[in-house]
Amino acid sequence: MTWDMDYALDSLPPILEAFLRYTLLATVLGSVLAAVLGLVFAVIRRAHVPVLAPLTTVFIEFVRSTPIPIQLFFMFYVLPSIGITLGGLFVGVLTLGVHYACYYAEIYRAGIDAVPPGQWEACTALSLPARYQWQRVVLPQAIRNVLPSLGNYVISMFKETPFLFLISIPEMVRTAIDIGGGSFRYVEPLTIAGLIFLAASYPSSVALRRLEHRVGHA
Amino acid sequence: MADLQFVPWVDNLLGGLWVTIYVTVLGAVGATLVAFALGLLVRMKAALPRIGARIVIEFFRGTSLLVQLFWLFYVLPLLGYRLTPIAVAVVAFSLNFGAYGAEVVRGAITAVPRPQWEGAIALSLSPVQRMRRVIIPQALPLMIPPFGNLLIQLLKSTPLVFLVTVTDLATVADQYRAAEGNEAFIFGLLLVVYFVLAYLCTLLMHVLEARAKGRLGQREERSKIFAFRGPAAQEGEVA
Amino acid sequence: MATPDTTSPEAQHGGSGSPLITFDKVVKRFGDHVVLRDLDFNVGPGERCTLIGPSGSGKTTILRLLMTLEKVDGGHIWVDGEPLSHMPKGDRLIPADEKHQRRVRTKIGMVFQQFNLFPNMTVLGNITEAPIRVLGKSRDEAEQDARELLERVGLEAKVDAHPTQLSGGQQQRVAIARACAMEPKVLLLDEVTSALDPELVAGVLNVLREIAETTDITMLIVTHEMHFARDVSHRVLMFDGGQIIEDSPPEEIFENPAHERTKRFLKAVLEQG
């Protein structure tokens, strides 16, 4: 088996393009959705909103326990039948976002639990209404607590974007395979895809670990 | 109500379910072995095993499982190794989840309080005896929750094996979809099945954890065994 | 069980200078452990009372009940003529809702042993947050008042500092300013110097002395600092086993305690200097 450098370099641009247009975009949009929705879930559960809180718990557990590919298929086929026909990327981002929101909800919860009870008591002593208690005191501290973990899940989502190919999105790995299929040489394109993954995720992991140390000593 | 034509498919679906369970169990066993091997190697003082293990861990954690599956499936034969598709899947799962597991093993061992090490040394126990009889039994209860999360992630990753031509539950479901339509039904059904399987894994983990703790004299409440999963182990739930 | 009238017992008897705080047969349990049993006591407006006694005797629980950090298991608490943990409905009392509690509670301020400053805000932010959100003051007005309070506690220079940059004593003084910014009628002080290095204690106590001398704010103090208690209090109440076993002015209780238990307790505490 030999390595064909020319072939490898030829396959780089399309793979890179797929990375930027689909993989990276889906990761960013999905993470934003997950971060926001996860926060909503976490606050609902922590504030024990009647009816919504237990429903949210069951929903989170259900979504966390089932495979992303199946969820993607489910959403891909079910959404159009209830009238939403917004294309593959929308379905992908929505599914990934909701799925990861369930992980984020647990992380936020750990962060909220880590806020010292004295902070809550001080809010009571000052008669600070619930809205400001959350917004101005608890959440800022909670989120700072768990910033590194949130970052880890962004990386995790990034590595699960290949699933999007199941709903016909030409993301990076799919593109690599198509190129490989064209000339029956898979080694170079797949290796390049793998290297891009490493190049994107490893430095981020290192940076996050450093952030974790800094936050820990704050 | 649409004609589901479900009954003729039950056999196939059960066959697929069996494959899913088979791959999950074998993958879990493999991953545990890899996790302990790498986790212990990476803690050694000697540079070669430590750095080597670290490289392997970071490589398999940093690259996507999908890419690893493809790579093993397409590239290994070119290197002269012919593995059955199921073997490819099990190896890929073992390596990938084993790498994450290695971090869990390492962390749990490190979390055993220092005085325990010192006590074992003071009793002149050999390093192997130390590990086996003192440290690992205490590290086990700490390892089980993150391992439980990894197990469920492994289960959730099994649909990928259809890419390496293994016919698991998800593959059969897709065949059903292609033949009969009724997508909402079949994928909805699948979601429920996976949910039940995941819950069974959680139950198993809670039982194991209770037993591991019991051997240390820490009693666990009965009701906790049936609870849903607790907080996500941050390290353990990264795919 | 007789349903109580919706006015405080003392007001019913038409006393002059009706008490600001009344505990009426208050019961508090933690699990099986009964901390307060049928506790009755009053605090008049402007009175400063120190609660002393061994740990577990219920002193801190009383403060926490007043601050609604805990719920009563029996009996009622009245603040400024209104029930705290209950509210009137017709001619009965039912458990209070959050709005009622918050309204009555705003008259009470608390300073904690662990300061509990908000680490994500500056000193100024900590002091102005509640006055803006709860009392409805404008930002300018709140900041103006905050600066004045900081001056009184000797920390004008630290206006924009973060709590983590301050010593324990400084943080506690900011906490006192924060509580006072809400213009409470009652100030609860829960072992406010117990978590401080010995050298920093005096600074905080001096601030409290100054507040005591220049205002007529009602204070309930839980402390081990007996000299401070003596200087500042009108009454000292000795607690044991969830009951008040002695209630006298400081000169009497320190010089000549009536109860044997009080004698033993004071001897042990004062010996530690």
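Read from first to last, the chains carry the letters A, B and C; within each, the first residue is number 1.
By definition in this document, a contact is a pair of C-beta atoms (placed from the backbone, for glycine too) under 8 Å apart; a residue touches a chain by one contact, two chains touch by 3 or more.
In this text the structure is predicted, and so the values were computed from the model without any measurement.
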What pattern do the touching chains form: line, ring, star, complete or other?
line
Just to be sure I understand: the centre of a chain is the mean of its C-alpha atoms, right? Then which chain's centre is nearest the mean of all of them?
A
Measuring centre to centre, with centres taken as mean CA positions, what chain is farthest from chain C?
B
Whole-Å gap between the CA centroids of chain A and chain C:
47
Between chain B and chain A, distance of the C-alpha-averaged centres to the nearest whole Å
20
What whole-number Å value describes the gap between the mean CA coordinates of chain B and chain C?
54
Considering chain B alone, which of its residues make contact with at least two other chains?
none
The answer for chain A against chain B in the complex is residues 1, 57, 61-62, 64-71, 73-74, 77-78, 81, 103, 106-107, 109-110, 149, 152-153, 155-156, 159-160, 162-163, 173, 177, 180, 186-187, 190-191, 193-194, 197-198, 201-202, 205
Within their complex, state which residues of chain A touch chain C.
116, 118-119, 121-122, 124-129, 132, 136-137, 140-141, 144
Note: in the complex, chain B contacts chain A through residues 58-59, 61-67, 70-71, 74-75, 78-79, 152, 155-160, 170, 173-174, 177, 183-184, 187-188, 190-191, 194-195, 198-199, 228-229, 231-232, 234, 237-239
Please output the residues of chain C touching chain A within their complex, sorted ascending.
67-69, 102, 105-106, 108-110, 112, 114-121, 129-130, 133-134, 178-179, 182
